[in-house]
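Read through the structures below before going on.
Heads up, the next two complexes both have chain A, just with different partners, chain B and then chain C.
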Partner chain A sequence: MMNVYEGTKETGRRKTVKRKSQLASIWTRYKKSQLAMAGLFLLILLIVIAIVAPLLANYEQDAIKQNMPIRLQSPSREHIFGTDHYGRDVFARIIFGARISLSVGLASVFISSILGVLIGSIAGYYGGKIDNLLMRLMDVLLALPSIFLAITIVAALGPGLINLLIAISISYVPRFSRIVRSSILSIKNQEFIEAARSCGTRDRRIILKHIIPNAIGPIIVEATLSIARAIIHVSSLSFLGLGIKPPMPEWGSMLAEGKSYMGSHQYLVIIPGIAIVMSVMALNLIGDGLRDALDPRLKN
Partner chain B sequence: MLRKKSILTLSLLLIVAIVLAGCGGETKSSSDKRDNLIYVFDGEPQTLDCAKTSDQLAYTVVYQIHDYLIDRLPDGTLVPGLAETWEYSDDGTEITFHIRENVKFHNGDVLTAEDVAFSLNNAIGSSQTSRITSAMDSASVVDENTVLLKLKHPFGAIEYCLANAQMGIVNKKAYEEDPEAFARHPVGTGAYQFKEWKTGDSITLTAFDDYYKDKASIENIEFRIMLDSDTAVMALENGEVDFTFDIPNTAIKKVQENENLEYYVTNAASTCYVVLNNEHEILSNKKVRQAIAHAIDKEALIAGAVEGYGVPAETPISTTAFGFPADFKNREYDVEKAKELLAEAGYPDGFKIVFTATETLNFKKPGEILQDQLGAIGIELDIKDVEFSVYLDDVISGNNYEMAVTEQSTAYPDADHIYSLYHSSMIDVGRNFINVRNDQLDELLDRGRVSQDPDERIKAYEEICELWKEECFTVPTYALQTDIAANKNLKGVIPHSPSVYKIYHYSWE
Partner chain C sequence: MGKYIGKRILMMIPIILGISFIIFGILELTPGDPARNILGDSATNESVEALREEMGLNDPFLVKYFNYVKNALRGDFGTSYKSGLPVLEELKGRLPHSLKLALGSILIVTFLSIPVGIISAVKQYSFLDTVSLIGAFLLTSMPSFWFGIMMILFFALQLKILPATGVTTWKHFVLPSIAMAGLGIAVVVRMTRSSMLEVIRQDYIRTARAKGASESGVIIKHGLKNALLPIITVLGVEFGSMLGGGMIIESVFAIPGIGSMTVDAIRTSNTPLVIASITFSAIAISIINLIVDILYVYIDPRLKSNIKRAGS
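Let's turn to the complex of A and B:
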């Protein structure tokens, strides 16, 4: 992270230098929190595992192919997390499940943050009727709990990876748009915006170049926390049979399948449970750390 | 200081009160005899109009509300019910029933021959009942207490059919007033009368004071709907509910080990099989069906889907039925042969097909396993999870599906039970949702049904099994056990292969 900005420093442009120092100071503040660092470490670990999953296990052979003779084996040397009720390796399913959970989480938050920022900034910048229209629309969506909204959308579209992504993305848009709108309302009347406007800068440029960069802090925090929520929502929907279709490994559906063996083979629920808790906790710790680090009132 | 002390005293008092309250509850429950029974359902009946019911849950409710001409006891024997006596005509195609006198309906009406004939004809006319009524022609009133039932041909298992849930004797007046309302509030002569149906929550019944036999020992019954079977078992273990049948296989061990519960088990008169829509453009190809039969590993299916609590099924005929060929062997598990057959059929790379399943584990797990097994020969299963009522509409009544699994219980212990499922005349009016149209099969089924010679009948059913092996109309997978888990203080419970549970025979210790 640091290297990148050191590199840009050499270009000597004042703007980049300034941004670098700001990011560096954020990083310095972030580093101070041990919990936040632990979260970051956990997340990086998960991401690395997700990326190198094919080196650790064979997707078709270990995570998908059923092998009844070795069903329900407790954790052992060959199967460090044991095998499930169809004789599939739980470890392989967990690491491939990490790919699904993390990528759905990241992708849905990416989509919803872009949509949300767009809607929020238009509403906040132009105000008036557009603001009213867009925000009331968002209020309608916000009135429903996001998990409930996601269930409704999945029920309408049918289960599956893409539909799940759409459902979660839509249900997260209102939060982003609200956050962006409120930051924009506080920024848009400041002098530097007035200066830009008096120079004849177009609205689009003002929003993209001047307003959003100044409102980015809360968006990043919200995005990080939203990924955590999205992971929980993907798992919950899969747990209810509305998410990922079998036989794809997904933590929530692994939990649901393991549920009926809870009395005799506890590891089938404990392991996916820990995986969900770990990833969500990591993201929450990072989110909290970022919130503190991005707080403009805190100085080094 | 004083304040602190009084808070301490108060909290101590509170603890003592809670402990005492806990003790109180316990002593109360053991001394008082209970007057209610809570029964768990893992789904919800669609209707309580007995002639239109088609699932085990609804059967269980109507068995309590209605009486039958012939009554089937918990041990399986048949005894006179609302018919005190009956006699057959010489050619065996007419039965005269003498109806019991002074039997009262729940609404106060007295049972007449009119009600009986109406109920029988109503059941015969229903599209849901063909598996038991296909041999019946019509019923007519002879005099006030006599009813004549005409058959299309002599039929050995007719008495079992008349004792079936769908043949309940209903109150004609109440039914004709409003059949729709009747389906939500049935009126019969049974030991229990209908009280309330809260959709998605429960169905409650109370003992009928004017029952023609002694009043039922248990006063109130609640059928509590708990869609998640794991939750239902947990509720059973905690003593919140008293009775459930067809326990999830993963929970059997826990139930057996629980000292407050009694576990009852017997062989089920039902067979599970893979249903292939014989009119589907790809599945209508015999070679494809043969390939599917070779690709299915029944042992793995039994291990994975029912935790090993099942026996491989080779034929469509129930193991408990007359005419079941015990030594018959169907196609063996052979992936290479399956691939060859599929290539011969013109699908060397396989194909994609929709598999209709429900969230119930009995359907969901076989689906996931078949997805894996058929995937090995290139057939890709797209599992469509639907609600149970949608499954019934699409698969069982609508003939609108590609592939599914089902569990077929038999109404009577005779190989003829497969007639209503596979005879081509049963496609539109009956339960042939597999869409089998095969002249040879029709001829054999007819012979097995009409013939009076047991040896000839046995031979016909053997030939049917041979034909099955060749044509693979469906792929029989395994025969199940049927079980009950009940509160150990509940007496009179007997596991029963066609799952006829009559709470009238139960009592609390």
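Let's turn to the complex of A and C:
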């Protein structure tokens, strides 16, 4: 229905008015949920901490450099989260770890959602043989839990930040493409797409301008929940020694290192875990809130 | 019915072949020379080259894959680079531990989550419902390995009532099974609750109550039976990922199962072992999916006529 006569000044204005009001109504519905708002505040807090981390601690001095004389000190005024077995400040490592977890989570989901949207929209829009081929491939990949695919890729490429990013990105593509495909299938036969097509709009434009904006809701929800999942997977792989390599301060590898001292220094395994749980919880709350806000019908 | 099962088994073949092809392809990218790894740095280039030829490492990719599948069908998954034992032997030795762990977890998930989910649905918005939903939410936000570590801290180191590592008695499997069950509990509680909520609003539930059936009879016989399909589905998915997904939990609790073996194999670039164990997981998942599909028919006889119609 909309966008058929786009280009003229008047409809252009109407479009912005409409888009704004839709965003505003989503926000109004989102705001209603206290839990979703709590998640949002928690995430903003974590992002702010990650951004200002260099003001709170020195990366090289506090988080990386070994300082054996002060190793394994319990939390105190000087080191509020204590120090680890190399005498590094746990607080500094946690806040710099937030940078790694959040950025790897965001980046990998960004990459996988773009690839997923690309594959899903091509499959859904064109149908037929392309659809069949792409979706059978995705089915095969979906038959394995995504963490397996990620582990296989890490096994081939070796551990490290970039390889981990590649592994997690690829392993999330099948889910995204499935979701995108199904929402595109439900949209592509509606009248406004037919109208756009009868005006001679090119396929690429129809997909990018008309179909994807209408299918974006489920993609955003899946993306939010996927970042949460990615944070868990990054820390799990690093815990196994297959992810981010020491001495980089990653929460999962901090847990793996702290595990040897957990009998006497519990804080070494408690604190990084709480950091993971808090960020995952924030994203899960936001994801659930967005799902309800974007599609009020789903709420029971 | 037999025809349906046969068809479903045939459908598993391309999926398993596809997965093994993809895994084989990805692991083909592994850097390093396995022949060099086996013989060590002191070996001459000629002997390394001879071993490469013998192992078929110089063949083109498709030939290698074809040979692999051919041998695998005869039960030969290659030999472990590290121990020199056949891969199948290594897997067999480790399978019992992984099976015990996965079975323990799925039992915990089933017998804890379904009752909790039912109570949550029947007493919606009650205190119990809120507690179970908060619990489920916490479990989904917690990495399983941290859940495991926290339990070791509390039950093994603090209270000293359960062992933290090892596999000698059933007690050793309690903590790892709970840790592995964590996420599954959350998923199944939520699914049971939402599925039951949908069912208990149906007219036939009201009819059953009106006839004077006892409340527990209504909930179990009329309610749960109709709500069971989606619950079985997620139970199947969870069991599948438990069977193959022991990598993290087995590492935390030092259980010598297939998962911890896979992690070791990845660390040491022991490719035949990696391929076999991931393919094994894929096969396990496919078999469980098949069992779930067959269970559907027993739970919901209406599906049987659908299958007959589609099959004939």
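We take it that the second predicted complex is superposed on the first by the 283 of 300 C-alpha atoms of A that agree within 3 Å, B and C clash if a C-alpha of one lies under 4 Å from a C-alpha of the other, contacts with A are read in each partner's own complex, and residues count from 1 in each chain.
Here is the rule we go by: contacts are C-beta pairs under 8 Å (C-beta built on N, C-alpha and C of every residue); 3 or more make two chains touch, one makes a residue touch a chain.
Keep in mind that this is a model prediction, so the values were computed, not measured.
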item	value
Touching partner for A:232 - first (chain B), second (chain C), both, neither	second
Partner chain in contact with A:148 - chain B first, chain C second, else both or neither	second
Chain B versus chain C as contact partner of A:259, first or second or both or neither	both
First (chain B), second (chain C), both or neither touched by A:71	first
Touching partner for A:51 - first (chain B), second (chain C), both, neither	neither
Partner chain(s) touched by A:114 [first = chain B, second = chain C, both, neither]	neither
Touched chain A residues, chain B compared with chain C	C
Touching partner for A:195 - first (chain B), second (chain C), both, neither	neither
Contacts of A:247 with chain B and chain C, given as first, second, both or neither	first
Chain B and chain C contact sites that coincide on chain A, given as residue numbers	241, 259, 262-263
In the complex, chain A residues that touch chain B	64-66, 68, 71, 85-87, 159, 241, 245-247, 259-264
Contact footprint of chain A on chain C as seen in their complex	14-15, 18-19, 22-23, 26-31, 137-138, 140-146, 149-150, 152-153, 157, 194, 197, 240-241, 244-245, 247-248, 251-252, 262-263, 266-267, 269, 271, 274, 278, 281-282, 285-286
Chain C-touching residues of chain A, taken from the complex the two chains share	136-137, 139-141, 143-145, 147-148, 151-158, 228, 232, 235-236, 239-242, 252, 255, 259, 262-263, 266, 269-270, 273, 276-277, 280-281, 284, 300
Touching residues on chain B, where the partner in the complex is chain A	229-230, 248, 250-251, 253-254, 297, 299-300, 303-304, 359, 361, 368-369, 371-373, 383, 385
